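Across the two complexes that follow, chain A remains constant while its partner is chain B and subsequently chain C.
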Partner chain A sequence: MAAQPKPLHLEQASYLEGGGIYGWLTTIDHKRIAVMYGVTALLLMGLGGIEAMLIRAQLIVPDNHFLTADFYNQIFTMHGLTMIFLVVMPLETGFFGNFLIPLQIGARDVAFPRVNALSFWIFLLGAMVLNFGWIWGGLPNGGWFGYANLSEVYYSPGLNIDYYDVGLLILGVSSVMSALNFFVTIVNMRAPGMTFMRMPMFIWALLVTVILLLLAFPALTVGLIFLFADRYFDTHFYRVIAGATPILWQHLFWIFGHPEVYIMALPAFGMISEILPVFSRKPLFGYPMMAYSIILIAFLSYGVWGHHMFATGMGPVADSAFSITSMLIAIPTGVKVFSWIATVWGGRLRFTTAMLFALGFILEFTIGGLSGVMHASAPVDMEQTDSYIIIAHFHYVLFGGVLMAILASFYYWFPKISGRMMNETLGKWHFWLTTIFFNCTFFPMHFLGELGMPRRIYTYAPGMGWDFWNFFESVSAFFLGATFLIFFFNVAYSWFNGERASADPWNARTLEWMTPSPPPVYNFVTVPAVHSRDAFWVEKYGDVEASGLGEKRLNVDYLPPPSAEEIAAIHMPEPSLYPLVMGGAIFLAGVGMLVGWYRLVFGGLGLLAFTAISMSFEYIDWGQDNPHQVGESFLGLDNRKLGIWAFIGSECVFFASLISTYMVYKSRSIGYPDAQILNIPLTSFSTFVLLMSSLLMVLALAGYQRGDRFWGTFWLFGTAFFGCIFLGGQVFEFHDFYARGMLYNSNLFSQCFYTLVGFHGFHVFIGVCWLITMAIAGARGKIGKSRALSVEIAGLYWHFVDIVWVVIFTLIYLMRTIKHA
Partner chain B sequence: MRPNLFDRARVGLSGVVAALCGAVLSGCGGGPYPMDTLSPQSDLTRAFTSLFKEITILDAIVLVVVIAAMIGAIFIYSSREGDPGEPSAMHSDVTLEMLWTVIPALILVAITVPTVNTIIKTQPDKWPANALEVRVIAHQWWWEFRYPSSGVDTADEVHIPEGQVIHFSMVSDDVIHSFFMPAIGGKRDVVPGQVNQITLTADKPGEYYGQCTEYCGTSHANMRFRLFVDTPEQFKQWTAHQLDGPVRPAGGDAAAGAKEWANAPCAICHTIKGVSGFSKQYAFGFRGPDLTHFGSRTTFAGSIMDNTPANVAMWIENPDKVKPGAHMPTLGVQGQQLTDLVAYLESLK
Partner chain C sequence: MWEAKPDVIVSIIAFAAVYVGAAYVAGRRPRQRQELAFGFAVILLLLTLTGPLDQAAKGFFFAAYIFQQMMLVFVIPPLILLGTPDWMLRPILMRRVVEPFFRIVTRPLVAFLLFSMFFALLHYPALCDRVCHVKSFFGGIRLGLLIVGVLLWWPIVSPVPEFPRLSYPLQILYLFLLMIPMTAVAAPITMADSVLYMYYTMGPHPLGLTPRADQVLGGLVMWVGQGVYIMFVFSGIFFRWAQREDTEIPAINRRPAQIRPLHPHGRATV
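Now for the complex of A and B:
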């Protein structure tokens, strides 16, 4: 790249110093990226809050004409989308997760620092696409759940739904990339001795959260791709007239959407589990059960999506099954609530603002959880779903629960992040006022729900018993909004003028408090071996169960600054411009797609490809410029290898969603063409070639592993060549089908076939590009025995793509005559 | 001991708890509101409500236990920073943990068993032969009701007889809607290309409110309906009346309006049986309500307005103003022409 980013100065005491604006733009330091996530999310929280105020202003009296119907629909949609995707998720994983994961596990950075920066830029640009309507007109207006077939062009002709569709696709890429990164970081980069059962509970929560993200988001991605095809290529994925059903969207959306609830809730559980012990001077109660319950909640969350669809008429068997699985989730959640209370029980409490918010969380979350039990019962849900009682329920969970936990975390971790304390007096005003007005705003929504007020209505008639409570809620909501001004002021004021924070202002238990506040770029000079839970506490007092009242064995405030030799021994990756450029390229392509300016799309994609290739030559094995791990990798696996395995897991869900859609829709497809058109002899040949390419891949890897550059490179080219033959076969096949009148949007069969097989072909294409890049690097002597791992990783991806093809070939081609009910 | 903070916390928390309890009490003791989900008037909604009450009681017990435990943990069994003595270091207790796993599980069993029973009871796969079928067809943004046994086709207001099994079979003409009649039948989504059912027996004559509860586009809020539970005699009369041909006005504005109707484009979408109409046909993809007995309805336009001449005139002048996004276009009918047309429509008793 032309402009070289400024190099790091490791002797600086704080990660916040130096670099200027350009330093922030090119940063790959997890702490700076976290701060950028935090600032962005707080600004968007202001925007989402204003949207909430507009909603309440419209509903303050019956038959109000403050907003038009259409604008109200846009505003409630944006309020949901903003708060979920642009505030809660980035604050939890992007801000606190990014900042705290390496610090809490004793690492210098995340596993893939450049990918981390790229995730942020893609997130930012996705947020801009979602909000593009503010300047271009027509914000998304289909609700955050964007139900088909209302989202079809026929019923929603504007760009509104396109911002939703493309914006969420982009945000999905960002989320999955972050999730992959954090997964590898947590699994592989923990300090020596920090086994799974010694990890802080916040890390447990995030580990499970990112697994949920990896395995849930692809389902939504597939749904969004179908929607995009329907809107731009006139396919019929959600169109009844072609035999499809709009309920497909609901399944795909909620298979993502329910785990999404826990993607938001689990980090909050983790935060509370960190804060309560510190301010109770007690270890977390029931640590193993707390960890297992997180895993159990996550596991169950995949089996409950149907409880969002009780009213759609799934039949008594499905209703019963989803009722039962939904009830089951209450058990591990109850374990958590009681364990938190037991953590406080018998402690020596300090009522800091963080502690107050954490205690408030327990109560509000419990109320939200209990009303959740009501909706889990399908017959009760027949009265309650899509009424205001649902709004009461999820605001108790997400505002009273998750947001309270986030606010607690702000007060708790702000000193570590900024080096300054937040103002406690303002904080306590903030807590009490927020708690009071939160309950005044949302508790009456239970009554409105019981009085039958539906959700998402911009107006209502007087005389339904709704007038008083709506007025009351609106007034409370305005006060609630005002209390956030106290919070924003406190954050901004304390960032610059707050009292200086010591390294360990709360007498805390986990490793992040061992570093200075704010931490240096490299986080830790040396990390102590971890011998138990609450590693820092043990370091200070010698015992997890110590009361913390005695003499400290270690006072981190008086540690000597690291010596020049110690600093010289630290290697950190340098800032990079690539993430920003790649994010910008994706943004240009996205905007070009939306406004129909296709030159911009190709320009953006071209820039992306150029940057990716240029980057892969610079870091031919991307591990080369990563932070020195403080300890050995935990699993003895390379980060990249673990990463590709996680990626393959995520891809499995992607292909499973595509394949199951094909299987369901094949039998509903109407007219010509059908599966009889498939040319099995030809495809058998390309299948054979693709399978053989896997063999060549093995030979290539073996070549590099024994240091045989020539044969390694030769077989790599061979693999890529076989891949090209397969692609050629596919191009021929598609061309032939088109000539025989099988268009992309002919019927359900053709569109499912082209989407599934086309996406597989796209994966093969990416693999071929990867192999050729690899082979050229090999030919130029850049891949030796020590870097054979890079080839192995490309090989894992290649084998995976082959295996997917075997499944597709079997189910779609060989079993084409089997009729499904 | 820091009494200030301690007292403030205690007062604040008990204030919140008191406010919540007060709010619950006042919220439950509401008046006879038309959309109240807790005044069931059919076998179906009574099953829903009794289950709701059971869960609410169990929920309340759990909430009281949690609040009591929190009060104990915060105010009684914990010390404050600065107090003498050591804090407890207890961080596991197998008995306790077993208890708070098993007891909630038992509570959930107590909820799940009646839940599954009610699901099976309320979603029968067959219904008695004498059940009255009512076909509900949802449109953006109004409800159409057809009675296959008698051939009645009406809109916005549905009539059913008390004491007879009613079988609603529902399908959407465009996007997904949800048919919600709180007192009589709860709700069920109305999906294009899929027939959903509600089977119930209403037991108290009266006028009930209903509304669409699945977001269905711009005027989702304006998609309401009325449900009239009639005595069997009333219902028989109503059906007979609906099957009569339309009123043919003899003179006055209404008669002039009848002539207007013949020339106006209204009939492209609206049917008046025996006068004009493309019944069962779709014009421009949209279809308006059957107006044969328009004057006999108490409300119109998705049941958002009372059926008065002034309201009908306002509606015809600019439907979009009354119901944003309405698919009925502004036809430019004005002045005497409008008065006549309204008079004609109102005469269609």
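Now for the complex of A and C:
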């Protein structure tokens, strides 16, 4: 890299100081990354809000032609995509999650700080790709769900859907990476004594959220890959003419999409569970039940995706089952609502803006939840689906629920983030006006839905009985938009001119308030030991149930600054330019995919590989406070090892989706070629070679573990060599198939086969590159006994790839010999 | 309708007799809870493998067949494991030949994969049509299901500490991940718009179901039925976990409790 990032100055009082622009670009501090997420998401919230205003302006009177039909489609699609992927998710996990996870669990940073920065840059670029249409025209216009087969080239010849496809693929990479990072951070880096049952509820919510993200996003990725293949390589994944079914997209989308609803909702639940106890001066009611209901919701969310598809004709049996499971979700959610009420009940309340928003959340979210139970009933849903009542429902859940929680969190955590209080007077105006106009805007949509107004129509005829409510909603919506100007103004004004905040302005309960506001780069001078829930409260008052009115045993505002020796004992990772460069490489590859200029794709991927390899050799000095040791992990696993396990879990869903698609489509495939083309003797040989390579991997690891550099390196090269033989076999096989007329887009069989086996081959290829890099490092003596763990991690990946192959070989190759009886 | 099936009944009785005999030889009596669980497991085995359910499962009733599988995989194995005392198993499991092998197959990942692969293959339509309805395979398939079921449940309810259970949070994660293979098998069956298993197109269907409706029902028994069942199991695990963490300080943080003052700047509290 040309310019070296400037080293950190730990004596700085606040993480916000120092470094200049370059310091922000190369930062890997979780707090700075959080702020960058926050600023980006707030700007995009403004954009999403403008889109909402345009929608309402178009619908204000019947027969309006303010927007064209096509532009209206683009606007409502972008409104949904922006608010879900670019506002709510980044604000919850990217902004508050990033900022608060290490602070609330008593850590110095997240487990993988550079990956964290990389997630942000990728997120930023994904957001840009989604919004390219503002510059070159043709924003995504297929709805946020982008239903096939309207997304096919025949129906959408422009770049609109491509922006959607590539943008979401990139955002998926970003989300999965930060999910993995947060998962490892929460599991491994909690302060000593912070057991799972002592974690703040926000951390519980995020833990479950990131598990959902890891297991849900790959399904969408698979769906998007199929869509990309359909649009660019003329395959037929969603084309009825070749025997495929567009419903496949709906399945893949909603396997992701329903958990996605909880990916958005659970962090909001967590935020509320943090704010209510503080301003009620009571501990959270029913802590175990709250944690339990979060996990239960996560369990249920995977079994209910069918309820988005009642209208596809799954049949009465399936409809009934999905109705029941969907209604079941009301139970854990109800548990949460009642627990919140019980938390507030009998408390000595302080009606700060944050508290008002939190209370508003309970009310509005419950309304949204109740209409959700209504739609869970299949016959009712058949009436209501695609009408405005659905819009009313999810705006009550996502705006009245999730966004209210986010706003509450802004008022609550702003002092910690910026070091200044937000203006409470403006805040209270903001709360009351937002609540009033929110209800005026969205409540009448229930009526419009019942009156039969469909969603996604750009205009409507007069005299349908819809005129008044639409006018009323639009006017309210404009006021609602205006109230957000108060909010934006408040944030901007308070950031620079707000009243200085003390370390613990709210008399709060969790660890983040122990640090100065804003916290220093290293968060905690010494990592705190935790003895109970609400650790900070107990430290202040001696008892969780304490009223908070007595004298504090600890006042964090009156402490002398840390001494030079204490500072000297802290090591933080240095800033790095690699994340930015890597993000840029992915961006180039994405743009190359969009414009079909494949040199750019390969250039981008090459740069990505180069930076990935050089980044892996960048030395991180964690010093004594190695995060692998802080708060000894409960699994006894190293961060990186746990990370690769989480990654493998995520990959399982990816391959399960590909394999299931193959299974379903194989029997629907029409004409030549079919599974009989598969060459079993050849593949048996490659399978054997791959299995042997796993054996060599074990030998290599054993070599490095006993410090035997020669044999370790030897077997590592051997593994890579066997991997190459396997790849060679695959190339030969593909070439042979190609010569026999089996093109990628010949029929359903060929495209599913090539996609599945090709992606597996790609994984092998990555593995071979990884092993060779490692073997070269080993040959140069860079992998000592102490770094044998790196080999073990590569080995885990390699074994996983092998196991996937065994599954593929069994289900796809061996099974081809069995014909129907 | 009860069909006389001496071979199955004799096997189950023999299984129960081994249990009683082992207790007799060891000269100990299992705890009452264990006896109850085991007895319940035997009764469920009889009900599942003989009688009307088995009749229906072997006939043209796909959902009954799936239900029988769910019993064999999800309900009976944990009961057997809960019902067997560790001293009964130890003499067998700790043998030099058995121990290393058993250690491998009860590792959570291996057990999980063995179960998933067996279960997925068994529902592969072409394979199922060739195998599932052949009389000579009946016993093998059901025994196989029972065995992979026992392996699957071992990390959750292992009776022998030498082959330990997972920690509570990992048990929950394990059950959560079980959704991936179960959904991957059940969803395509439920959502298929044609009958996948040729066998079921041949015969008369019970309860007036069409073959396809029967298939959807079977898929849902596998998907939703299993899901709801797992949810109950998970609830039990969660509350034991919460209760245990409430009452005792767990060894979750292996670092010895080195109590530092909870203090941002690392000095003694004023």
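Odds and ends about this structure:
Keep in mind that, in the parts below, the second predicted complex is superposed on the first by the 803 of 821 C-alpha atoms of A that agree within 3 Å, B and C clash if a C-alpha of one lies under 4 Å from a C-alpha of the other, contacts with A are read in each partner's own complex, and residues count from 1 in each chain.
Note that in this section a contact is a pair of C-beta atoms (placed from the backbone, for glycine too) under 8 Å apart; a residue touches a chain by one contact, two chains touch by 3 or more.
As the structure is a computational prediction, the values presented were derived from the model and not from experiment.
Taking chain B and chain C in turn and counting the residues of chain A each one touches, the greater count comes from B. Once the two complexes are overlaid on the shared chain, A:L296 sits against chain C while remaining clear of chain B. Judged by the touch definition given at the top, the superposed model places A:Y460 against chain B, while chain C stays out of reach.
In the superposition on chain A, A:G315 makes contact with both chain B and chain C. Shared-chain residue A:A69: touches chain B; no touch with chain C.
With both structures placed on the common chain, the touch criterion links A:T245 to chain B and to chain C. By the document's definition of touching, neither partner reaches A:A482: not chain B, not chain C.
Counting contacts as defined above, chain A residues 245, 247, 288, 315, 324, 328 meet chain B in one complex and chain C in the other. Interface of chain C with chain A (complex): residues 113, 117, 120-121, 124-127, 129-130, 167, 169-170, 172-173, 176-177, 179-181, 183-184, 187-188, 190-193, 196, 198-199, 212-213, 216-217, 219-220, 223-224, 227-228, 230-231, 234-235, 238-239, 241-242, 245-246, 249-250, 252-255, 257-260, 262-267, 269-270. On the chain A side of its complex with chain B, the touching residues are 68-70, 73, 142-143, 147, 149-150, 155-156, 240, 245-247, 280-289, 311-313, 315-316, 319-320, 323-324, 327-328, 330-331, 334-335, 337-339, 341-351, 356, 359, 362-363, 366-367, 370-371, 373-374, 377-380, 382-387, 432, 435-436, 439-440, 443-444, 446-447, 449-461, 463-465, 469, 544-547, 549. Across the interface of their complex, chain A is touched by residues 5-6, 9, 12, 15-16, 19-20, 23, 27-28, 30-31, 33-38, 45, 47-49, 51-52, 55-56, 59, 62-63, 66-67, 69-70, 72-74, 77-81, 83, 86-93, 96-97, 100-101, 104-105, 108, 111-112, 115-116, 118-120, 122-123, 125, 140, 174-176, 178, 180, 182, 186-189, 191-194, 196-197, 209, 211-222, 224, 304, 324-325 of chain B. Listed in rising order, the residues of chain A touching chain C in the complex are 190, 192-198, 211, 215, 245, 247, 251, 255, 288, 291-292, 295-296, 298-300, 302-303, 314-315, 317-318, 321, 324-325, 328, 503, 514-516, 524-531, 535-536, 539, 553-556, 558-562, 566, 631-632, 634-636, 649, 652-653, 656, 659-660, 663-664, 667, 803, 807, 810-811, 815, 818-821.
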